[in-house]
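Consider the two complexes below, in which chain A is the common component and chain B and chain C are the respective partners.
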Partner chain A sequence: MAQGLDDASAGSGPSRGAIWGEAFRRFMLRPESTALAAVLILFVVFTALSPQLFPTKLTYISIMAVAAELGIASIGVTLLMIGGHFDLSIGAVLGLTSYVAVVLMRDFGISPIIAAPTAVVVGAALGFINGILVVRFRIHSFVVTLGTMLIWRGVLIALTGGFPMTVDIPPLFKDVMAGPLIFGFRMSMVWFLGIGLVGTFLLTRTRFGNWVQAAGQNPQAARNLGVPVDRVTVILFMIASALAAVTGVIQVARFSSVDALRGEGMELQAVAVTVIGGTLLSGGYGSVIGTVLGAITFGMIQVGLVLAGAPGHFFKTLTGAIVVGAVILNTDVARRLARSRPLAGFRRNSAAADAAILGEAMPGRDGVDPTTAESGEAYREDKQ
Partner chain B sequence: MAMLDSVTGAGGRRMKLLMLAGAAAGMMAASAPAQAQDDPISIYFVGCAAPTGFHGYLARGSAEAGENLGVNVTYIYPDQLTIPNQVQKIEEAIAAQADGIAICVFTEDAAYTDVVARAKEAGIAIGSAAAPPPGTQVRDPNDIFLFRTGSDEGAAGKLTAQRLIAMGVKGRVVVANQQPGDASCQLRATAQIDELKANGIEAEFLELTMDPGQQAESLFNYLRLHPDTAAATSTCDVIDGFLAAKEQSGRDDLILTGYDIVAQSLAAIRDGRQAFTIDQQQFWRGYMPVVLLTHNIKYGLQQGNYFLTGPTIVDKDSVEKVAAMVEKGYR
Partner chain C sequence: MTSAAESVAARQARLPAGSRSDESSASRRPVEPIPPGAVPVMEAVGISKGFGATTALVDVSLKAYSGRILALLGDNGAGKSTLIKILSGVFPPDQGELRFNGQPVRFASPGEARTKGIATVFQDLAVCELLSVTRNVVLGREPQKGVSPLKWLDLRRADEMARSALHRLGVRWERGLDERGINISGGERQSLAIARAMFFGSSLLILDEPTSALAVRQAGRVLDHIAQARDQGQAVILITHNFRHALSVADDLTVLAQGRVAAHFRRDEVELDDLTDLVARVA
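Right after this comes the complex of A and B.
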């Protein structure tokens, strides 16, 4: 770094080390970076604890199976949380929409091709109710969804009479939703990663994504700028509940059943996954990719503890401790990095630094080379 | 009556009326422990949890007993099963001026001593819809509860172990609990593990969550870690994850056992994926407390022996006998 600064003072471009350092610093500033770090750290730890079994394909399949079902629901929660809201009802929505899917298939003989999307639409409708209650009555979403959680769960208990229900699932539907078709990995992983990509695109490449982040950071300011905050909020609740329903459908396909407690506790696991993924509880900032990594972290904890032979009575405790550790890593490191100064004298949000990093990572690309006089000029301009 | 017949004349008629009134008052007094009003008897069943799965049978049993006996039964339960939460529910039942309260007791009596005393002071009959302490059958005269009705959970765990031993299980047995903190499940697990170990069989406890996907993956990986595992027991009625793990691991020889019989268990026992399940006939745990409370309130009757509803074993040989009742939610 000192070298880079010296070079900079001398008028030439920064050193390669400084550019890589700045690139790393910038990467670590991203919300998902510490979730990735958590994944890597846990991978190393569990591999050390269970070298024969942990770093194997079967383990990865298991991790992704846990991550997929929890992660799909968590992506909806993430978008909602970035938009400044909570949804404590997703577990109950998952259970209720699973019930809808089972009843449509079992009692009405409806094809799963119709029943599954119908369950997702019902989920979206339940989310719509949450959203309307929040924006219409200006009640905090925590309270509204706490209430609807109890309502949906109560309805599910009443409808099932408290008893599990089974249904015959056509093998093709089972395979498409959750079958181990991708080299042993479950199809739920494909849905999970696909939804993760769509969620990332939605959040980072669309106007709606900008609105979500703006609404989450400062809803009043966003309104003043013309963002339809209420509409965004309702849509986010619909997405969250619809994705909970997708998880529900996947579980119905996998287990051919629903019970009145299906999804219970998932709302808090989803919040944990979201926070591990770097999304702020206060809203306005977060990452769907981070949540994908957070879900993988959670799956890794679940599977890793078993393979490491952790004491059976302490699974919850250890899971909680690791989650807290991951969140501390996330928040503390993020806070420290946010205070850090850019390396090599670059300014924050520096176009010159972007060019230098890009050129260092891919020399010759777009003609950008940090060692050329051109980039050196840009660097100097940047410093002024 | 003979005395009434001997009284004649106007004064006699007056005397007759007085005696009739006295007799009526006497009869009312004699039925003091009984319901002194025409209102239907109101019984509150303070459950351990929402009427789902296992607890759904209790709720159904209590409701059906209420219908059959013509008494009002209200099933209430804490959102989270903690002692303060459940005691709060009992206090709500007292405040609602219930005639009788049945409690799904899940912890030691000391937790209920105060609230039971308050209920008794308010003239409310109060009993336990849970098993007596392991090994006891005759009701202790100093018991804080009028009755206890449930399955001996320690005996249930021991019975599971003994059946596994009888099946010739060799190797490791994993005993899993999806509801850590639930004393009944824990007692079953502990009793089973102790009995297995006493017979030289390695047994281990595994803590799980209620999510079937997470259950399946945890158990699947446990089987990878311990390929010598010969049997797995679910101490709760949720068996989906266990069945999925068995299929996923390709361990057709893995003996699965569970508790309570729900639709999934029924199908799995029929087709051999699950060896057996422990049935505690929990419908009775809902039904009998309402009977005992009603008869105590109406007739002053009191239990002499504790009423054990289980444990019993349902396996492939007996599953068809109970199948119809299972599907109707009675067993």
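Right after this comes the complex of A and C.
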């Protein structure tokens, strides 16, 4: 598997073709490559299906509107998944925080400038509850957030009585959150891309980001080195729920309403977006940029199918196929490429390649898998 | 004593001298006597610990001095890991006292022990698999730029720190500092962890079975690095069940059996055969 990593470097410099080939190989190993490929392929396919309608500005605006709302919530889910946890409750949190924003504005007459941040803070508080339950009682986050999802959804249905509630939103606030201000593109796109940039910076360039990755890869080792893994986990849950609330506020601004089913299903869509974006389901490794592209993939499918005149149920089927395809690409192909010999004597040096191999060696992520240490060992041994 | 342990001991005793390539020659130095009046970095006095009905440790005492390696030997279940956990603050002893630089201490948490300069390296917990060498070295102590609360990683400084940490321990690192943990061999992981601990100013290094999963050549290299840490003034407690590894670097040896200190030697007072005989008898 590892033979010939360095030995080819003895010859003369690599050819131009080899440099491009290696660059391509390495790009394909990046977590974002699958989502980018999906965006490009879907663009070509939908353009071919509806050449009059699809490649138009109106379509792009619609795609970005869908991508922005789902994407903002998915970025929180991505960071949390890299830290090694799931959150199934974000859809219900989105609904409940939307309700809070609507009630504050409608029944208490509070300005949206105060109501919206309050809804986000309530979201963070709901995330705090998830985090504390996971950290204190050492219950798997999947189970904890499955429970809180049902609880918050139940509370929301009780509070709304199952009926939609409408509210008058000041036009200025509507514009700032979701108005078509940027050459026709909605403001939600600006929030989405801005949060994407902040998320990327947070993950790759800050101490907190380093801790998130460490906590997702080897929580015991991180703890042993003084990383406050539990605190990181709680903060990640708070970020995930707060970003779900941001999506909720944007939707309130757009629809001027909330209903009992608001946000339902988004928890799984966010997981799908995250996985398409190249984040490992097992945690420890991933990309916020990949998630941004994954959300755009989602938007393209949704809008593209409508324009192509496909029946509504195609959406779920095609999304599902893309999720499965993306996971196959992200794990199996990446693994094969990772083991493939680097061209022209390049050193094997790709985080994604390592993640692909590790993903194979690491079936569960809690605790330490002895096979991981061994695979690293074997790898070094036959290199020597 | 179990038959498995017996066969291991027998095999080790039977090895011809020429095959002992994992004993690093560099680390073999004459044992110096402990200077009179020296205060141990860590001293355990009469430690006992039980878990429910089982007794893990009974009246265990030991001393770890700066610039010396104390090897802690013993069979599985002898109480080695309980003792490490007490020394590194995971839980307190039921009876007895820990003295750190002569002062009685009671660690509330592993974090407190770590802050005081006690670094524990566990075999499987040395690195995060998908972080680079640099990020692994600085993990938990990342250098930052900017003004609070807006701070970000100083990646260049982190590289410098990683480089000088490895250099100080004499680790030859030919690959890039961006190499991921998964590509770092078991031996290199241990060396990296030791380098990190020393760089961040630990005074007591507790190593849990650092050589047990390693190939011969790698084990030798790790032992060299442990000796290097000792020579730079670290107090080292080396937990191992490999007597030859212990004899090749340790200055003092303590044998635990069934939760008690069964024997304590200076290295020049004991031979491999005596040690294997002893452990076979007491375990």
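We take it that the second predicted complex is superposed on the first by the 322 of 384 C-alpha atoms of A that agree within 3 Å, B and C clash if a C-alpha of one lies under 4 Å from a C-alpha of the other, contacts with A are read in each partner's own complex, and residues count from 1 in each chain.
One rule holds in what follows: a contact is a pair of C-beta atoms (placed from the backbone, for glycine too) under 8 Å apart; a residue touches a chain by one contact, two chains touch by 3 or more.
Keep in mind that this is a model prediction, so the values were computed, not measured.
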*In the overlay, answer first, second, both or neither for which of chain B and chain C A:S111 touches.*
neither
_Once chain A of both complexes is superposed, is A:D259 in touch with chain B (first), chain C (second), both, or neither?_
first
*Is A:S282 touching the first partner chain B, the second partner chain C, both, or neither of them?*
neither
_Of all residues in chain C, those that touch chain A in their complex_ = 110-111, 114, 120, 122-131, 135, 138-142, 144, 151-153, 155, 175-176, 178-186, 188-189, 196, 213-215
*chain C contact footprint on chain A (complex, rising order)*: 201, 205-207, 209-211, 213-214, 217-218, 220-227, 284-285, 347-349, 351, 354-355, 357-358, 362, 368, 370, 372-377, 379-381
*In the complex of these two chains, what residues of chain B are touching chain A?*
50-53, 55-57, 59-60, 79, 176, 180, 204-214, 216-218, 220-222, 224-225, 238, 240-241, 244, 262-264, 267, 329
*Going by the contact rule at the top, pick out the chain A residues touching chain B in the complex.*
50, 53, 58-59, 62-63, 65-66, 69-70, 150, 153, 157, 160-166, 251, 254-255, 257, 259-266, 299, 302-303, 306-307, 309, 312-316
